[in-house]
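Okay, so subunit A shows up in both of these, paired with subunit B first and subunit C after.
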Partner chain A sequence: MDSASVTAFFQTLAQGLLTGGLYALIGTGLSLIFGVMKVINFAHGDFLAIGMFITLALFKAFNIDPYLSLLVVAPAGFALGFLIQRFVLARLGDRLGEGSMLATLGLGLIVSNTLLLTFGAQPQSINVPYATTTFQFAGVQISIPLLVAGLGTLVAIVGLNLLLYRTELGRAIRATAQNPLGAELQGVKTTQIQAIVFGLGVAFAAIAGVLLMPLLYTFPTVGENYTTKAFIVTVLGGLGNLPGAVAGGLVLGVIESLGAFYISNNYRDAYGLIAFLLVLLLRPEGLFGKTVKRV
Partner chain B sequence: MTAVATLPRPRALTFGNLWLSGALLVVMALYPFVFGKAMNFGVSTLIFAGLAMSWNILGGWAGQTSLGHAALLGIGAYTMTLLATPERLPAFLPSPLAPWWGALIGMVLAVALAAVWGGLTFRLRGSYFTLSTIAVALVLRLVAINSEWTGSSEGLFMPELPTLFGLDLFDRKVEYGLAFGFVLLTLVITHLIRRSRLGYGLQAVREDEDGARALGIDPTRMKLIAFMISAALTALGGSIYAIYLQAFEPHTLLELPISVQIALMAIIGGRTSIQGPLIGALLLSIFGEVFRTVFSNANLLIYGVLILVVTIYAPNGLMGLFRRGGLKLGVNR
Partner chain C sequence: MPSIAPLISALPLLAALSLGSVGSAQTTIKIGAVTSLSGRFATFGRMQEAGFRVAIEEINAAGGVAGKKLELVLEDDASDTNKALNAAEKLVNLKVPLVIGAYASGITKPLSQYLARVKVPLLVATAVDETITKPGNPYTFRINNQSSVYTRSLIEQLGRMGGMKTAVVLTSNDAFGKSVLNDVTRLLPGAGYQVLSKDTYDKGLTDFRPLLNRYKGQNPDVVIFASYEEDAVALAKQVKETGLAPKVIAGIATGFALPDFLAGAGSTAENYLVTMIWNRDVRYPGARNLYTRLKKALGGNEPSQHAAQSYAAMLAAADAVRRGGTDPEKVRLALTTTRLNTAFGPVTFRSYGGYTNQNAVVGLITQVQNGQFVTVAPATAATGKMIFPRPR
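Our next item is the complex of A and B:
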């Protein structure tokens, strides 16, 4: 290999890893929700779309920098998720498993169609000066917003781990995930915990939306694509497996980038789907699960 | 296996049950004479009603929620159209095939796909199957978008078609007849399945897979048969839909929202009953049409609201509500 093709390889790899970081953030939210509540959230991408559109609206109305809107989007996402668990999912009772799929499908339709009514169907984007700036490292060009997104993902995931493993709330969340009844008997208010978990999951999706906004244009049904990506990430990593979700995100990003560069860009979305199907069929516990820990 | 004891006891098909199906069919048969000016609405509604009932053979009777039926719909539509278009014929075919042969081949292909897909995924339980259905449909969509042969993202135009018993297939009244026949066929098959060994086996598998296995039922085989029947009917619906549309693109046939729409019609109507999907499709089409004038293209909003309300308050769909409300239309009686 000559040096140009080596650089091209590392360029593609870096691109893939950074995009994969974002996928990891999206997948972590989905996986957290599944891990604790056994709910597959079909509206996950639509919550990401909410994050994008709040960012867009704040920028258009008050010229607020996209990254600054995190201060609004993250709490708003948390509150939305909390309320959805309280007023929708909690009402499903022992039908949560089968009912949640339909309920979240319904929520997704409500979100995307409300966005359509409010913002129209045209793709829109934010024009910030740093959108197209890049940064050189050993001959590899890296887009600044993508780098910020990667760092943001890192902060969010480290934060989540600190919460889960260093706090009393985290202990309660892990207890609820392992054995809801047992946790309840120990005085954990599991419905409260589930609301917090759903809130965190939605907040993660919405944060990912903010980080994507300077990079992409948005439209009301943009979430559909990201719901699929989130499913791919969680299945690659193993449903409900948080470190797996991070690894799954990175793997998906790299597969897409390398496939797009070396095979065909037209099938960019297909590589992940095929990997997803293969893992589903051959290793349903995920690429990184040690044993079959069927949830 | 306690759940076996709670299985609904097998009940004989009664007058009431057939009466409801018959009444719905009469209403549908009279539609062209009353609303002759709104034939587009009539044809598309009937096609989706048939698709919802086809979906329900797998989704309701076998309890396997598919969100990828758009793939099977697409196979029916694409196969029929490609085989009827002279310039798109595969090399081994000397002349274009009449649409009914194309539809039949589409059904065979859909059954083959279902056999492989189900054979691989029915080993897995619950949500894994649903997730796989999304992926399969999306892969097919990408192939359709990126292949020259399938007309890429511009899609296909319907060629001149031979007449069927002297009838022009592009006449809306003839298409209504085809769609009506499709609904009739799915309804008859569903009625037949309900009374058969297959029907009881499927319900047993749906309620308690391990219990069913203990009774000597092979759950994977049951689900597979249901999937193949469902796939064949869905592909047939796809062919009729293609004739109705006359031109289509991957976007109109292979997207996730199409799969979701078909599934939601069946679920909102009631997936454990025979007529539920039919009633769900009729109601949602009417709602969709009414709300299209209010919300233009955001009319799926009403689907979202309805599915939330139904999931929370009526887990067995509208038919479940009727049943519970003492309005016993002979369902499950």
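Our next item is the complex of A and C:
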């Protein structure tokens, strides 16, 4: 290998890791919701699309910088998730299992079609001057918005961990995840906690949308692809396992990038799915999950 | 019940209205068109619609065809082949003399096969896949050049510029992209180029970085892309991001030829070469005026070559109906003897070199300069000077 292709390899690896960071952020939201509520959120990618479109709308209407719109998108995502849990999922009662699947699928359809009616079908993007700025490190060229996305992911995930392990609310969330009935008996308002968790999960997806916006174009059904990615990430890491979701995201980003670089670009989405199937077959608890003892 | 009374009193009026519409149907000639007004090709569909409407307005203002006004029956295929076939069937049942459409090659090809089966002429305004007219069929006519003309004009130009030896090609994985990939890899070696990489990508791919990194490692002189709108923007941004810096970056029409590409890609599009057959600065009589009218029809947005092609298609349709009447078979015969000079360029459908009923228009090379497409080749059409090699 000559030096140009070595550099190209490291550049691909670095970009794969940064993209993987974004996958981790998306997967963390999904994993958190599953971990606490045992609900698989099929609308996860559509909530990411909401984040993208709010960013787009704010930019078009008021010329607000995409990163600044985090201040709007994160609370809006939280509120949306909170309300959905309160007014839709919580009302399913005993039918939460299969009901939540259909409910979130339906919510996803409502979201993507509302976006279609409001913004039209054509792909749209934001053109900010720094969208294509880069810096060089040992010949490896790194995109600034991609790096910001990676750092944003890091901040969000560290923040979530501090919340979960350093606060009273976090203790209540963990208690609800472990044993909802027990937590309720100890005075934890589990319905409130579940709404907060769903809000956090949706906020994470929406934040990922904001971070993606300077890098990508958006269209109403952009979320589908990311819902799949979120599933792969969570399964790679182990369902409900937060550090696993982070690792799963990074693994997926790197697998996709290197696969496209060395093998073929055409099977890009297949690499993740192959890894997904292999993990399901060989380590159903996920790459980073605790080994389940078989009886 | 009092609420029924107005309804009953309205009945004769309704009857009169429906009779009225039957009456007007006899005084207009319906021209059927299928394009993508929604879905992923919606931007192109809007361009096509503007072209159709401007042409119809012009024809009707001049008295219509054989004393009757033309009426556009426009069907949306939602960027989907099955919906396009349903739309065409509906138009055939309406007894239109011919159908214009569709936008994408992957949709137009099956459409041409269906319409040939029911013996209704299809006038293709924009789709460029080779196999639509090669071998083609007696019922399919194409205004736009075939994809190999776009690639050939680019490769001839690269030859004239000289001093370059290696190239990479990346196209979308569909009828249009594969057609271009075929043409490019066939024509490049003949022009003395070595093709270092040829790749296709599936729709929905938004991360081209691994591929572009690989190209960067190969350090080619020329990078050739063919893709639809959103991908063209993503490609231009990521080329800049990955630091890929060849002497020439070229886009084969389509997404790269759209004003939306200029808007979305911004400064990253600067100095891209884009092959086209119509631009605002072409020197056909009436072209400037056509540009102004298309822009107005698009609500002030910049028109692309797709709008101009669709305009010419509607003129050719009207001309064929004027000479052949409304019977599809007679319209087909009339199309074979079309001789038109339009603001889009000349329109004649000839059969040559394995192509059937194929129009031939001069291929232009434009370059993005200061956020505008400027025609830089061939010399007879150029209005600006090419910037070469691409500044890093």
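Basically, the second predicted complex is superposed on the first by the 291 of 295 C-alpha atoms of A that agree within 3 Å, B and C clash if a C-alpha of one lies under 4 Å from a C-alpha of the other, contacts with A are read in each partner's own complex, and residues count from 1 in each chain.
In the analysis below, a contact is a pair of C-beta atoms (placed from the backbone, for glycine too) under 8 Å apart; a residue touches a chain by one contact, two chains touch by 3 or more.
Computed from a predicted model, the values in this text were never measured in an experiment.
Peer 1: In the superposed arrangement, does A:Thr132 touch subunit B (first), subunit C (second), both or neither?
Peer 2: So A:Thr132 only meets subunit C here.
Peer 1: Which holds for A:Ala270: it touches subunit B only (first), subunit C only (second), both, or neither?
Peer 2: first
Peer 1: Now for A:Ala121: first (subunit B), second (subunit C), both, or neither, which partner does it touch?
Peer 2: both
Peer 1: For A:Leu109 in the superposed arrangement: first (subunit B), second (subunit C), both or neither?
Peer 2: A:Leu109 contacts subunit B only, not subunit C.
Peer 1: Just to be sure I read the superposition right, which of the two partners does A:Ser143 touch: subunit B = first, subunit C = second, or both, or neither?
Peer 2: second
Peer 1: In the overlaid three-chain picture, which partner chain does A:Leu154 touch, first (subunit B) or second (subunit C), both, or neither?
Peer 2: In the superposition, A:Leu154 touches no partner, neither subunit B nor subunit C.
Peer 1: Using the touch definition from the top, say if A:Ser257 reaches subunit B (first), subunit C (second), both or neither.
Peer 2: After superposing on A, A:Ser257 lies in contact with subunit C but is clear of subunit B.
Peer 1: Of the residues on subunit A, which ones does subunit B touch that subunit C also touches?
Peer 2: 121, 264, 266, 269
Peer 1: Applying the document's contact rule, which stretches of subunit A touch subunit B when the two form their complex?
Peer 2: Contacts found on subunit A: 40, 88, 91-92, 95, 97, 99, 101-103, 105-114, 116-117, 121, 224, 228, 231-232, 235, 239, 264, 266-267, 269-270, 273-274, 276-277, 280-281, 284.
Peer 1: Quick check: in the complex, which residue numbers of subunit C touch subunit A?
Peer 2: Residues 38-40, 42-43, 173, 199-202, 204-207, 209-211, 213-214, 216-219, 229-230, 233-234, 237, 240-243, 260, 263-266, 268 of subunit C touch subunit A in their complex.
Peer 1: Looking at the complex, which residues from subunit A come into contact with subunit C?
Peer 2: 4-5, 7-9, 11-12, 15-16, 19, 120-125, 127, 131-132, 134, 136, 141, 143, 146, 215-217, 219, 225, 256-261, 264-266, 268-269
Peer 1: Any idea which subunit B residues touch subunit A in the complex?
Peer 2: Going through subunit B, the ones touching subunit A are 65, 120-121, 124, 126-128, 130-132, 134-136, 138-139, 142-143, 145-146, 256-257, 260, 264, 267, 295, 297-301, 303-308, 310-312, 315.
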